[in-house]
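What follows is a set of structures for review.
Next, two complexes with chain A in common: one pairs it with chain B, the other with chain C.
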Partner chain A sequence: MTEIQLLDTAAAASALTAVPGSARGFLGVDPVTQNHALLVRELTRLGAQVFRTGDTLLGYLPNEVQPRQAYVASTSPDPEPLRGFLDFLGTYQRCTSFVALVPADSPPVVALRDCGFTQVGTLREHRYQSGAYQDVSVYFVRGEDTCRS
Partner chain B sequence: MTLRGYRSADLPLLSGPWLAGELLGLPLEQPPAMVAPAAVEAPKDNTVELCVLPGAAFVCFTELDWVHRRARLEIGVQPGAEDVVTALLKTAVSHGFRVLNLHRLYGWVTPAAAVPVALLQDAGFSCEATIPAGRWIAGRPVDRQIWGAVRHD
Partner chain C sequence: MPFVTVRHLTEAEIPIRTALMRESRFQANLTDYAVVTGDDTLTERQRLGITEEYHIKRHFTLCGPREEVVGFAWITSIDWRSQCCELSFGILPRFRGAFGATAVAAAHTFVRTELNMRVVVNQVLEHNTMLVSSENLAAQRRVRCDYDSYTVGQWRTACYWSENEQDAQAQRSQVEDRRAAVAERIRAMSLRAQ
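Coming up: the complex of A and B.
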């Protein structure tokens, strides 16, 4: 597995801005319509952590009401970085299930499906982009139970 | 029925024996032991729209997003005021769509808390996603749903 590097919030905002197209809807932020300061504020408000693996950015957001569940996001259709990231979260955050909210038909959907995610719902007209409301798909996967306690 | 803005004298309405963060927080018959009552914070800025039905309930529009024109709806009803729920839901949806001019309202529903889904459907909501093990209650993970209402006009 390649190295996973945690970015601070300012670096994360810059990195998201550098890949604007594939990062739209990344943990709910939008680097096309939001500037650097707003991205930093949103990521801080959410309590999101952004990691880098190679050219891929990966996002982690804990579920406040279920400590074993995490929201994840990726900027790449390549499943390998995401697969490694899920292993990483399972090991170090003891996450046993993962949820991803992605705009329908966005590039990361391919990676999610390859990593075993299944679609568990669609949020109707959840985003406004390019002059129209768009659906957001909800994906879910159960990781291996790594809790040994 | 009309909602009015939150005032500091309404603080007791903001906490009660329901599940935190629910679309429709009704008093639980048997609240989990050792769990503090749910509470929402008094608004500090304009990122939250908090209204109250005096003496009965609060209605909170949180995660307000003026670009996507959506908000997460959170309602908490005080014990003894359950008979206002039907009208309150419709008033809250109307407030979100007509007063705040939003396009979409959504919220979390935990089926394990015996939520009256018929009331939600009457108010225009429908179940859009079911997330397995999305919430931890009484020592076990339970499913959690996202219900949403979209304005079409």
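Coming up: the complex of A and C.
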């Protein structure tokens, strides 16, 4: 498994700020509209963790009402970092299912599909970006159904 | 056409902004409190604006095509529910001619397209014709407020007006028309010179 490094919250905010275009909607935060301090505040409030593997940032947010389920996020369309991350969360957080909320047709969708996620819903006009209300796609996969390498 | 991008003000840029706040035209056109306020206090106030007060104000840096800082914008009086705010600017002196109008347009676009503000309130002191001519100021203002501000030893009259999306679109069209007219004049002059 590629090394997965947990970032502290300030480092996570800096890392997301460095790739604002691909981090929009990452676990619900947005480096274009939220400055570093606000990103730190939001990630802390959510209880989110951000990891780095290579150039890819990966996000983990436990579902408080179902602790075996995690919300996940990635900044990359490359499925390999996400695949390793799902294994990691299965191993270290005992996650058995994963949910991802991503802006419709954003690059991480490619990675999600390749890792076995299926689109289970659409939150219509759920976020505002670039002058328009945009749909957010809801993806789901069981841990046993992820396409492990 | 200069290209300007908008991003969040960082703590590292506070000294540049502080220097701008002490520049003579900034003092006259916006506020002169920086002249009688120490560096430490100014720095701390701006730092608090970045780190704590993002619900009531947002500070932005306006950058040129090579990422150089050309000025700053900030929004205040934010009503997130009603999607309304006041937008202010300060452009560094050496960039005013080249980037002033474009920087202002970029900030307006950003608050509309990314922060989802529907109404932007403008306040310009009447003597300040750097970005809006006296004629345009008189035509656009909806409120003229005597004794609005006291800067650099004088009472200043302020003009206020609001802009919704339709107003902003009309402004963009006017700018585009003026740009096309200038381009046409240059083209005609070039042809005559040949």
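Brief remarks on what is shown
As a convention for this text, the second predicted complex is superposed on the first by the 144 of 149 C-alpha atoms of A that agree within 3 Å, B and C clash if a C-alpha of one lies under 4 Å from a C-alpha of the other, contacts with A are read in each partner's own complex, and residues count from 1 in each chain.
Quick note on the criterion: contacts are C-beta pairs under 8 Å (C-beta built on N, C-alpha and C of every residue); 3 or more make two chains touch, one makes a residue touch a chain.
Model, not experiment: these values are computed from the prediction.
With chain A as the common reference, chain B sits beside chain C without any clash. When the shared chain is aligned, chain C comes close enough to touch A:G131, but chain B does not. In the superposition on chain A, A:R68 makes contact with chain B only, not with chain C. In the superposition on chain A, contact is made by A:L123 with chain B only, not with chain C. Within the superposed three-chain model, A:A37 lies in touch with chain C and out of touch with chain B [touch as defined at top]. When the two complexes are superposed, the chain touching more residues of chain A, out of chain B and chain C, is B. Of the two partner chains, chain B is the only one touched by A:R142; chain C is not.
In the superposition on chain A, no contact is made by A:F88 with either chain B or chain C.
Superposition on the common chain A brings chain B within a closest Cα-Cα distance of 5 Å of chain C.
Overlap of the chain B and chain C interfaces on chain A comprises residues 33, 128.
On the chain A side of its complex with chain B, the touching residues are 30, 33, 63-69, 96-97, 99, 120-128, 133, 138, 140, 142.
Every residue of chain B that touches chain A in the complex is listed here, in rising order: 20-21, 67-70, 103-104, 106, 127-136, 141, 144, 146, 148, 150. Residues 17, 20, 32-38, 128-131 of chain A touch chain C in their complex. Residues of chain C touching chain A in their complex: 7-10, 50-52, 54, 58-59, 112-116.
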